[in-house]
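The following pair of complexes shares a single chain, chain A, combined with chain B in the former and chain C in the latter.
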Partner chain A sequence: MGPLIPNDIIPMEWNSVIALIIGIFFGFILEASGFSSSRKLAGVFYGYDFAVLKVFFTAALVSVIGILYLDYLGYVDMSMLYVHPTYLWGAIIGGMIMGIGFVSAGFCPGTSLCAVAIGKIDAIVYVLGIMVGIFVFATFYDFFEPLYDGYNYGNITLMDSFNINPYWFVFLFTIAAVLIFAGADLIRKRVKKVFY
Partner chain B sequence: MDKQNKHIYWNPYFGGFLLGLLIIATFYISGRGLGASGAMKSSVVSIVDNASHQYAEQSAFYSKYVDGDKSPMNTWLVYEALGVLIGAFISGGIAGRIGWRTQHSPKITRRRRLIFAILGGVLFGFGSQIARGCTSGAALSGMAVLSTGGFVTMLAIFGTAYLFAYFFRKNWI
Partner chain C sequence: MLNRNLVKFLSFRYVILAVVFVILAGGLVVLPKFNPVKGIEPTQLLNDAISPERYISTDELADRLINQDPSILLIDVRSKADYDKYALPGALHVPFKSMWNDEFDAYIDQDDFDVIFYSNDNLTADQAWILSKRLDYKNIHVLKGGMNEWYRTIINPEKPEEIMASNAYDLYAFRKAASMFFGVAYPQKSAPIKVQPKPVVVSKPKVIVPKKKKKKMPVEGGC
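Up next, the complex of A and B:
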């Protein structure tokens, strides 16, 4: 019955090793999909490369369907899984700032690590920038604390917020994703090609 | 191994599928999802703590992460991030993509690319703290368990990026 480590089926000491192994697969998959290239990543915002859209939503759908299915079969106790907490305005404003950072630099932390691993200097300075940004936040923490800690709704899910059936949501989400993927290919055919 | 190998990437649906399986496995084994910005936060905490432990203990932000006996770098995400570096290195190595370079559009200078990389990084690092996560941890892993905050963060990141894409177009196209 999963999750294995919180249920002590695998001892806690293995957590670090498992994290490392999972990270290796994560980095490999991202880099092999081309996410070590900032120009490829930025393509989704300009219509010349929709890899980000396809990888992101395929991964999100496969994982949510898989987790729901494992929960349904009784292999995983979904209530024991960590649900990212909802600090509403922190999520919105933090997300907006990240969005500008993403489109201006073409990286996010995970992909920048992949790019660092293959020797990209712009990724190295990006990571340094991230650390500076974190340092700035920490230095002015008292000023931002109300935004950071406010509007905390807890570890809520869409089912809690909107009273929807998760299976219906995932079904509709899947259909929407397929339509979006088709639309993306139509757009890419019409956009001027970029070589990178 | 010819030069052609360098830009051959996996089919995105295949990569996304494998990534989805990985996320399922991660939740199944560890009870949590992936992440990235948290590892960088731990690095900052560790550096500040080493520079001045007293400052770290008194600071409202750092004091949360500095413990007497346990190093701030001893977190799940730091090990995971280390793995990401290794995995990407292996993949890049197999494909022949390893080498020191600054990737930028031929229409801009290398210097401009590096300046935007740093500034974008500062913004992203700052925003990731306010949102308590990044695209991997908050958005992707959050969506996998249907977290409301995860979806909000995802929409905020990508929505804003699209809104501001026009202003940064010279960097890319």
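Up next, the complex of A and C:
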């Protein structure tokens, strides 16, 4: 049956509408759970708040477990889902730049827009920084292009590259996630409390 | 006023959620493995199997062949040797065992032609029909009685006896004419002129453009 749009169950024209609705809910929940505060987001690097780690880890696992069950029951054809292509060195260097921006400003691109929406000045500066970054990248695109387009490994997943059973992988990953959450709680208890 | 038991229970909420999470993930590991069934529902298959539309009679087939109906596609599921010896005009030889290969699939799995399977009797053609039907192929039929019935009714029709009804004579007249069309010569009693037997035309298989599968839309996504 699914995915709904590639199988023409929902016409393709609804794509943007559905994306907009999901985006509104995503932004609302980000803001409602306090992710528009840079202190909360930066907390994961200083050890006083691991909400970001827990939320995104849990979200990824809930979706992967849900999709595997739906695939098993025949409601979603997993082979038709979009897998983002891997550009190895682009991802590594881009991830490092993103990490530096994350720890220094306390926002990721999504949460920064949430924070702009509630009028945080640091977030406005951050978004201006994103714009400058985009401008620099576009200007020197010829220079960056070999990195941007190169090292393409195609639409691979961890299950493909390590040739492991996805069910076992997700199970072990879940146990690892629970252990990481427990460990994060232990760290949080030892670190001096920060009020924000 | 807070419910003390509820508070006590909720203080374990993260542990409970973690346990639920691990159980759900573990469920994936212990699920029995199976290959998902492709094709139509068993009830639908059964309905189609007992439907009279499944068969096409030799008379109807002869009629359509004589009228040069362009919408039929005859599929010979017998062996290659049998096919070379004699085949219905315009038939395409598809060996039963390689029927669902990519090579032949496009001929059978299409909506544009009435696909008619035939073998020496019903048996192999029926098997091909059931298996193809299960994969939800459209417009597929079986020649009732197969080649044996074809010989018995069209090529060598039985002469009706005198006590039989008039429609039996009509049928015989049709079958006799059809057999002449397919190359059988009848010695004429009144006229000594020999009718030149028309050679059996084993025409080449029709060139059928395989139906293009509907291309799935590429999926786009992002962060």
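Just so it is clear, the second predicted complex is superposed on the first by the 196 of 196 C-alpha atoms of A that agree within 3 Å, B and C clash if a C-alpha of one lies under 4 Å from a C-alpha of the other, contacts with A are read in each partner's own complex, and residues count from 1 in each chain.
Just so we're on the same page, contacts are C-beta pairs under 8 Å (C-beta built on N, C-alpha and C of every residue); 3 or more make two chains touch, one makes a residue touch a chain.
This is a predicted model, so every value here is computed, not measured.
In the superposition on chain A, no contact is made by A:143 with either chain B or chain C.
More residues of chain A are touched by B (comparison of chain B with chain C).
Once the two complexes are overlaid on the shared chain, A:12 sits against chain C while remaining clear of chain B. Judged by the touch definition given at the top, the superposed model places A:151 against neither chain B nor chain C. By the touch criterion defined above, A:171 lies against chain C but remains apart from chain B after alignment on the C-alpha atoms of chain A. Looking at the shared chain after the overlay, A:74 reaches chain C, while chain B stays out of its contact range. Judged by the touch definition given at the top, the superposed model places A:61 against both chain B and chain C.
Of the residues of chain A, those at positions 3, 5-6, 58, 61, 80-82, 84 touch chain B in one of the two structures and chain C in the other. In the complex of the two chains, the chain B residues touching chain A come out as 7, 9-10, 12-13, 15-34, 36-37, 39-41, 43-44, 47-48, 59-62, 74, 76-77, 79-92, 95, 97-105, 113-114, 116-165, 168-169, 171-173. Residue ranges of chain A in contact with chain C, taken from their complex: 3, 5-8, 12, 58, 61, 65, 68-69, 72, 74, 80-82, 84, 167-168, 170-171, 173-175, 177-178, 181. Considering their complex, residues 14, 18, 21-22, 24-29, 31, 36, 216-217, 219-222 of chain C touch chain A.
Interface residues of chain A facing chain B in the complex, by the touch rule stated above, are 2-6, 10, 15-34, 36-40, 42-43, 45-46, 48, 50-51, 54-64, 66-67, 70, 75-76, 78, 80-88, 90-110, 112-123, 125-138, 141-142, 144-145, 147-148, 153, 155-161, 166, 169, 192, 194, 196.
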